[in-house]
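Take a look at the structures below.
Both complexes below contain chain A, partnered by chain B and then by chain C.
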Partner chain A sequence: MNSLARQRNIFIISFLFIPMMLLLAFVLYPTIDLFRMSLTSWDGLTTTKEFIGLENFRKILFESPDVWNSLKNNWIYFYVHALFIPLELMVAILLDSKIRGSKIFKSITFLPYIINGVAIAYAFAFFYSPFNGALNEILKSIGMEGLQRNWLGEESVVNYSLVAISLWKYCGFHVILFLAGLQSIPKELIEAAVMDGANAIQKFLHIIVPSITLVIEFILFHNMRGALQVFDIPFVVTGGGPGYASSTFTVYTLTTAFTYNNFGMASAMGVTLLFMIVILSWLQNKIFHFGGKRL
Partner chain B sequence: MMKRSLTRTLCLMLALVFVMTIGLIGCGQKEAPKQDAAAKTEEPKKEEPKKEEPKKAESKKLKMAMFSSEQDATYKKLNIVESVKKAKNIDLEIEKFKDSTDFENAMKIRKAANELPDVFGLKPYQLSLYKDILLPLDDTDFAKNNLYAKSYAMDGKIMGVPECSFNEFVWYRKSVFKELNLSVPKTWPEFVEVGKKIKASGKYVPLLMGQKDDWTNYPFTEFMPALIANDGALWNKMATQDEPFGKDGPYYQAFAKYKQLIDEKVLDKSLLGAGNDQMKVMFGPKKGAMAAFGAWFYSEINNQLKGDFSDVGTFLLPIGDKAEDPFRTIVMVDGFWATPKDSKNIETAKEFLSWYFGKDWYLPYMKDRALVSTVKDLKTEIPAVMQEALDAQKYEAVVYDAGNDDFIKLQNATKFNFKKMGQELLLGKDMNKMMDDMNKAWKAARAAK
Partner chain C sequence: MRTELTMKSPEMKLSKKVEISKLLSYLLLIAIAVIVFLPIIITLFASFKTAIQLGEEFPLKPPALTSLNFETYKTVFTEGKILLGLKNSLILVAVSIVINSLLGAMTAYVLNRFNFRFKKAVFGLFMLGMIIPTLITEIARFPIIHSMQVGDFKVYNTLLAPIIIYAAADLMQIYIYTQFVEKISISLDESAMMDGCSYYGIFWKIIFPLLLPATATLAIIKTVDILNDMYIPYLYMPAANLRTMTTTLMDFSNQRSGSWETLSAAIMIVMLPTLIIFLIFQKYIFSGITAGAVKE
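Right, the complex of A and B next:
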């Protein structure tokens, strides 16, 4: 090995050493431990961890209706967010055009994403309050008292109230991602299309969308992963209640671990979530690339 | 060729990194017991500071964990850190947690990691969870002098020493009662009637219970079954039964009474949309008429009312159907100070707790918190606003026991959560089905033991 190659090796290894070490310590080792714990009946308190094989997974699949009810709530987050993705793209296109004050609007759009999630959750808890809560007061002041609800206390409404907070927080992030994608489209391409007589819809369908498929793909994945892992908003705003009405898969996992001292089962739920994300991502990818090309 | 060599070198290095990382993580886990062992073997060395005068002046360090905001306020007001430094030369580090849930979760994680603080205050139901890792305190003066410590012993050993006992009250605004021509209820039907009248006025929330936080229903879902059974250790008894949620049982009966409040609209679904933080602030501005909480509520509303309790009254929650029924009330013993047996500062922890339960700190502290003393010979007076409830009614005290090991195991196995059940009842769920389901799950869990 010549000196240049050796130097290059040393350079690569020394740069990889620390990140690899961190990755192994904080990602790989906890993941292996999670798999190990999922096969035990550990209560989180005693030192003994009895091996019970796949019993926890059997219970999740066949004896835990609450787990699947919680998962239904995750579904609400998924489809409502998915419905908003076209709107997010429209806003991004609007902000990408030369409108006055677009920079300020971009900042405002992104602001909710950088505000602390717990602070947002607390603020919305007061916003939705049935006792002088701002939302009901606004509806009253504009003469729409008929729309007033117990936003966090009704089973049929509570999940949508929480999804609205999630939309408020994450839509701006998606808009910024779309904007980044839009700004990467070469201007010449658009100009050439205009010269060829393409109208706005043709430009959108044949130039913009194909140019930002990677961004769309990422946002779809982010939406699916986020919907399955949603935790902070329901946990802080309602604690998964009333009853278990707004509990999500992750909130229920935490309840299983800390309220019912069943860390083995909670770990199995963590593993199940991991597999769900992998399978759904694969499925989404297959649909997106249906027929050998991107949709 | 060179590519292969590079790949081989990289693979070797990454394998080395992997082995080193796993090794380091493994070592990290073993660190705590090593420290414990060191702490144990260090004991003979403790003689050394006695010989060397200057080392005596070295301050001792102690970590303590707590979650109550009222406790924190009093600690700050009376400056516990400075007081214990002055009295015992102990550098006290206090870890605070947002609420009891946060505290409980953190302690569980810390227990698993063998990194518990030197002293921490447990809830009574946590004693059985932690008993295996706690230091028995039977030989300490503060445990011997405590009125309740022995009653909460685990397997005959005192694992935690409670700092306070308190009663449960219904707090009410006198002017609202006067305005609506209401008198203090002596029976459960009278209590329901009072609630109905307040509701009918349309001006006030009858009972300020922020049910978005499920724990706020505890006077009804947790304590009332024990009161009806006249047995503070009802949970332990239920752990010996196959179907304790039947119609003849105290648990069902307590829930039936709670349901009456819901059926009569004294409690309505709007309460599910607001948490305790939002509801308790309505007591000061008189937007609500009553609140069912323990003595700890005194310090919660003290600031709201700026110390003026002239318009506030209290009464004990009546549960009897007739005036001649025995009047029972829950006495809650709380704040069980404990120390892990693996703590590196066991002697300092004992010294600290001995000081904590001594009259110089304990009496002013209890006075500020308006709680009842648990220490023999150290009596504290509770504020007049609460004393009036205790004087107005002859009662039998039922000392609450939060449940033994058997109960906790069944509770975890069946996911029995009385607070959530209370929430679901308010949501309109079928009570009989809830109780039937619980009976089935309970029986199955007992059979699987």
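Right, the complex of A and C next:
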């Protein structure tokens, strides 16, 4: 028995050793190091890391308007995506009904999420381009030349042009999650409600919504975390430009680290982002469960 | 006659209502399809046109089938070196699938089947690893990988760098495997134990083969993820001969900005692998992605 227990322990240790080491060395240690680096003025090159206390955080708060302007752009991604969530649910309900061709439409809806993000970012850069770009040409062909713009060059529209790409890419993902939630509702439940004479709105409010609260919660969290971390689309399409007009918090942070070699400052921004995610997650959780009780 | 009419009319009203709502539903779905395909089709058309045609023709006008311009695609293969990118991407995919499925299955099995001291702590650390945002941690991960050296071999700027990061930081596989391990009855482990099978034997001969559906789901999702990944190869493999398909496209775009017809051809080629995988393996992709998400 003793030897069996030993065998068992050896087995457990041998199986967990590599995954644990990888996790500790490349995920958890870097996260702790991020905090440590945020208190230094390290430039990424020298071996000495000068401790400067909370100086980086003071600079972020009081002397870096571009960071906060970038964060405002994250907000645009957040609220526009949030506005689309009801529509996403509607499409999911539609795809869940016995409509003909729903399978094909389900695939089409999800397609953008799977497509290479960089490739589609360039495709949209072409679509928006002031030189032979399709959007301006299409506007011209329907007699709406007045709406033609330099979609990626004008500070007032560039963020919305980029958010449109984000919507194109991620809405289908939400629809599929909603659909998975809808399909897990027992059919008898809905049939019984219909038998009792529930109309479409009652069915929606009293059966569908309460049954998929978990999915709704997940999508709201996903939207919040995703919006705070928007990176690929602005990085590839505009590089954050013109100026910092379409920069986001993450674009600004990673540029600070890898373009300007200011690792101390970038770490402090990273820590700030982590705190924002934690606080907003906590807040959203509170709001959601408060609302949940009232329902 | 009269009764028949009164019987019929409300029904007809109802069916008319149903018809209209059906029509609206289809209009919405078709609108979605148009929006999804619009940027892809414009790029496809452009990729077969010459620079002059691109300047003169309406973007939604298909290129004349008799005079398709294949020069664009030729350029992507010769000057763009897209096949080298494909090769590097496929190496990353193949190695990562093997490593991630083995480590994922091992971790999920041990955490699901055994009780041991510090289990809660181990479990908690993996959970923590899952919620830490990956992009921001690159700031601290980069110096570590950059300074990693075994003898004369530097990990930075080799294919090993992304492989290590994918193995360490992508923990979705633990979720997927746990769901499948839970479904395998423990009595199977116990009876094998009775027959004198060792712990390793049980895992390798019985459990791991039974986890094949999970491995398939994981393999497909990993393939899509890695083919589409941009920042990790961009950051950790700046060498020209280590470009993946995605970073090849970025490089190509920087070199010939403004030449939209050739860039369009490159975009179409880079889109193709994941598109094909999606068309063939949709079921796995849907189940894998929703499983990971809904569980959280």
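Following the convention adopted for this analysis, the second predicted complex is superposed on the first by the 269 of 295 C-alpha atoms of A that agree within 3 Å, B and C clash if a C-alpha of one lies under 4 Å from a C-alpha of the other, contacts with A are read in each partner's own complex, and residues count from 1 in each chain.
The rule we apply is simple: a contact is a pair of C-beta atoms (placed from the backbone, for glycine too) under 8 Å apart; a residue touches a chain by one contact, two chains touch by 3 or more.
Note that the coordinates shown come from a computational prediction; the quantities given were computed from them, not determined experimentally.
A.B. asks: With both structures fitted on chain A, tell me whether chain B or chain C touches more of chain A's residues.
C.D. replies: When the residues of chain A touched by each partner are counted, C comes out ahead.
A.B. asks: Touch test for A:L205: chain B only (first), chain C only (second), both, or neither?
C.D. replies: neither
A.B. asks: Figure out whether A:G44 sits in contact with chain B (first) or chain C (second), or with both, or with neither.
C.D. replies: Both: A:G44 reaches chain B and chain C.
A.B. asks: Should A:G241 be classified as contacting the first partner (chain B), the second (chain C), both, or neither?
C.D. replies: First partner only, chain B.
A.B. asks: Identify the partner contact of A:A192: answer first if only chain B is touched, second if only chain C is, both if each is, neither if none is.
C.D. replies: neither
A.B. asks: Give one of first, second, both or neither to describe whether A:T253 is in contact with chain B, with chain C, with both, or with none.
C.D. replies: In the superposition, A:T253 touches chain C alone.
A.B. asks: With both complexes superposed on chain A, which partner does A:L273 reach: first (chain B), second (chain C), both or neither?
C.D. replies: second
A.B. asks: After the superposition on A, what does A:I12 contact: first (chain B), second (chain C), both or neither?
C.D. replies: Both partners, chain B and chain C.
A.B. asks: What is the contact status of A:F126 with respect to chain B (first) and chain C (second): first, second, both, or neither?
C.D. replies: both
A.B. asks: Regarding the shared-chain residue A:L54, is it in contact with chain B (first), chain C (second), both, or neither?
C.D. replies: Neither partner.
A.B. asks: Which chain A residues come up in both lists, the one for chain B and the one for chain C?
C.D. replies: Touching chain B in the first complex and chain C in the second, residues 8-9, 12, 16, 20, 24-25, 28-29, 44, 126, 129, 131, 133, 258 of chain A appear in both lists.
A.B. asks: So in the complex, the part of chain A that touches chain C is made up of which residues?
C.D. replies: Chain A reaches chain C through residues 7-9, 11-12, 15-16, 18-20, 22-31, 33-34, 37, 44, 91, 94-95, 97, 99, 101, 105, 107-112, 114-120, 122-124, 126-127, 129, 131-134, 137-138, 141, 168, 172-173, 176-177, 180-181, 214-215, 218, 221-222, 225, 229, 231-232, 235-236, 250, 253-254, 257-258, 263, 266-267, 270, 273-274, 277.
A.B. asks: Quick one: in the complex, what on chain A touches chain B?
C.D. replies: 1, 5, 8-9, 12-13, 16-17, 20-21, 24-25, 28-29, 43-46, 66, 125-126, 128-131, 133, 150-155, 238-239, 241-245, 258-262
A.B. asks: Which residues of chain B touch chain A in the complex?
C.D. replies: So the residues of chain B touching chain A come out as 2, 5-6, 9-10, 13-14, 17-18, 20-22, 24-25, 101, 104-105, 108, 111-112, 129-130, 132, 205, 211-214, 269-275, 278-279, 282, 287, 408, 411-412, 415, 417, 420, 423-424, 426-427, 429.
A.B. asks: Would you tell me which residues of chain C are touching chain A in their complex?
C.D. replies: Residues in contact with chain A: 22, 25-26, 28-29, 32-33, 35-40, 42-43, 46, 54-55, 58-60, 103, 106-107, 109-110, 114, 116, 122, 125-126, 128-129, 132-133, 135-145, 164-165, 167-169, 171, 198-200, 203, 224, 227-228, 230-231, 235, 245-246, 249-250, 253, 258, 260, 263-264, 267, 270-271, 274-275, 277-278, 282, 285-286, 289-290, 293-294, 296.
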